[in-house]
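Before anything else, here's the structure in question.
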Amino acid sequence: MKLVYFAWLRERVGIPGESVTPPADVTTVGALLQWLKARGGGYAEALKDLSVVRVAVNQEYAGPDAPVRPGDEVALFPPVTGG
Amino acid sequence: MKLVYFAWLRERVGIPGESVTPPADVTTVGALLQWLKARGGGYAEALKDLSVVRVAVNQEYAGPDAPVRPGDEVALFPPVTGG
Amino acid sequence: MQAEDFDVGAEIAALRQGATGSGAFVTFTGIVREYSSGRADGATSDKQLTAMTLEHYPGMTARTLEAIEVEARSRWPLDACLIVHRYGRLEPGANIVLVITASPHRLAAFEAAEFLVDWLKTKAPFWKLEESGAGGHWVEAKAIDDKAADRWTVAAPGPAQHRKAG
Amino acid sequence: MQAEDFDVGAEIAALRQGATGSGAFVTFTGIVREYSSGRADGATSDKQLTAMTLEHYPGMTARTLEAIEVEARSRWPLDACLIVHRYGRLEPGANIVLVITASPHRLAAFEAAEFLVDWLKTKAPFWKLEESGAGGHWVEAKAIDDKAADRWTVAAPGPAQHRKAG
């Protein structure tokens, strides 16, 4: 699974993206966020307030119950501020 | 009093404007329109449906009860269609 | 108002010089269509236009445009606004009218531009004569334009409040 | 989306070539302001900006802009519409975003442009980093933008109906 991070979430995690292999029971966006957060350090810092974390799976917005699978591109970022 | 006409109202009256001296009892926009209409011909044709006639006195929109005085510039025209 | 054409890009660029606090610029450009805009009674008419002639009432036009601009500035926080309206004989595709608004707030810029166009359509003394193969035809005022203009006659203290009701 | 600047006048002119049936063109241009836009909590901050950096998510941005345009075209009768959004480091006064809509109907052109900007602000994956003397600061999303975007999530069969409720 490919993870990508943007804006202050990228800064807090410390890298723009990475490949990860979460445990088999991590099958939803919500579970993935909890698993990442449990890594501590920059991850815990970046994900401490999930109300300001948005997720896109394969470049489509996805809620906490949306499925994630090996091979997906999962993006984590703050609420958007373009325009 | 100076009268000016625009658009199809001008075409029906047949002239772009004129100086008139209405009787002393013509003191309002409404009375002026009735007096002009009574002239017949192009005036009667132009003023037959007053719901589509707009009036400006000294370049400000004016209703039927607005006063008109000697020296005023009174414009008669259809509802505007610019923009 | 003017008979000459205008350059939308140049007008925007000029306005931007004087509105450095603004993040939002909205423009409306009205141009002569190729086909008649239909009749006021809703009947469709697809007459191909050869030209559109805009008649206006010079002294009153200037006063009205000024009054409309003052009103818009009193209602919205505008750093700049511009109204250019042409008159005379114009061919299909030609510019008729340009409205530009600049504000720190995009909703204000949008609303002020809509307001200016709605008021232009219902208050500024311009009249359109469409020319087609069938001859000349004075465009009739549309009820929908009066309705659009009426949106702004209810007390509208600001963009947010106005929108809240939407 | 692009890093390069755009020319509003040239973009309008190009769009007009392909929209000869349209009488109404609306543009929205967003530019980098000279001062910080304030914090999401409403606290005012008048920090003078030295630059604004726009980060984006390339693949998703393209998909989102396309989806937003398709949605606008399904809701309003548009002859043409254009979205240009820049990314990278931009200085005060620089163009950020351009939206143009063309329609036979001015209300449709206005509403579609507002819709596109509202959706851009709340859905397109761009993030603004303001740089000032005090360092870098990620702009926070504003509740007012969500509210503006929410205007369009109620069933809105067309401009007239939407406005009627206003």
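Labels A, B, C and D are assigned to the chains in the order they are written; within every chain, residues are numbered from 1.
Methods note: contacts are C-beta pairs under 8 Å (C-beta built on N, C-alpha and C of every residue); 3 or more make two chains touch, one makes a residue touch a chain.
Because the structure is predicted, anything quoted here is derived from the model rather than measured.
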On a CA-centroid basis, which chain has its centre farthest from chain C's? A
Taking the mean of the C-alpha atoms as each chain's centre, how many Å separate chain A from chain B? 72
Please work out the Cα centroid separation of chain B and chain D, and write it as a whole number of Å. 47
Separation of mean Cα positions, chain C and chain B [Å, integer]: 26
What whole-number Å value describes the gap between the mean CA coordinates of chain C and chain D? 22
Two or more other chains touching the same residue: where does that happen in chain D? 30, 117
Which of the chains are touching one another, listed as pairs? A-D, B-C, C-D
Show me the residue ranges of chain D that touch chain A in the complex, using the header's touch definition. 30, 54-57, 59-60, 63, 85, 96-97, 117, 120-129, 138-141, 145
Which residues of chain B touch chain C in the complex? 4, 6-8, 10, 56, 59-61, 75, 77-83
Can you list the residues on chain C that touch chain D in the complex? 7-10, 12-13, 16, 20-35, 37, 92-93, 104, 106-107, 109-110, 113-114, 117, 144, 148, 151, 160, 162-163, 165-166
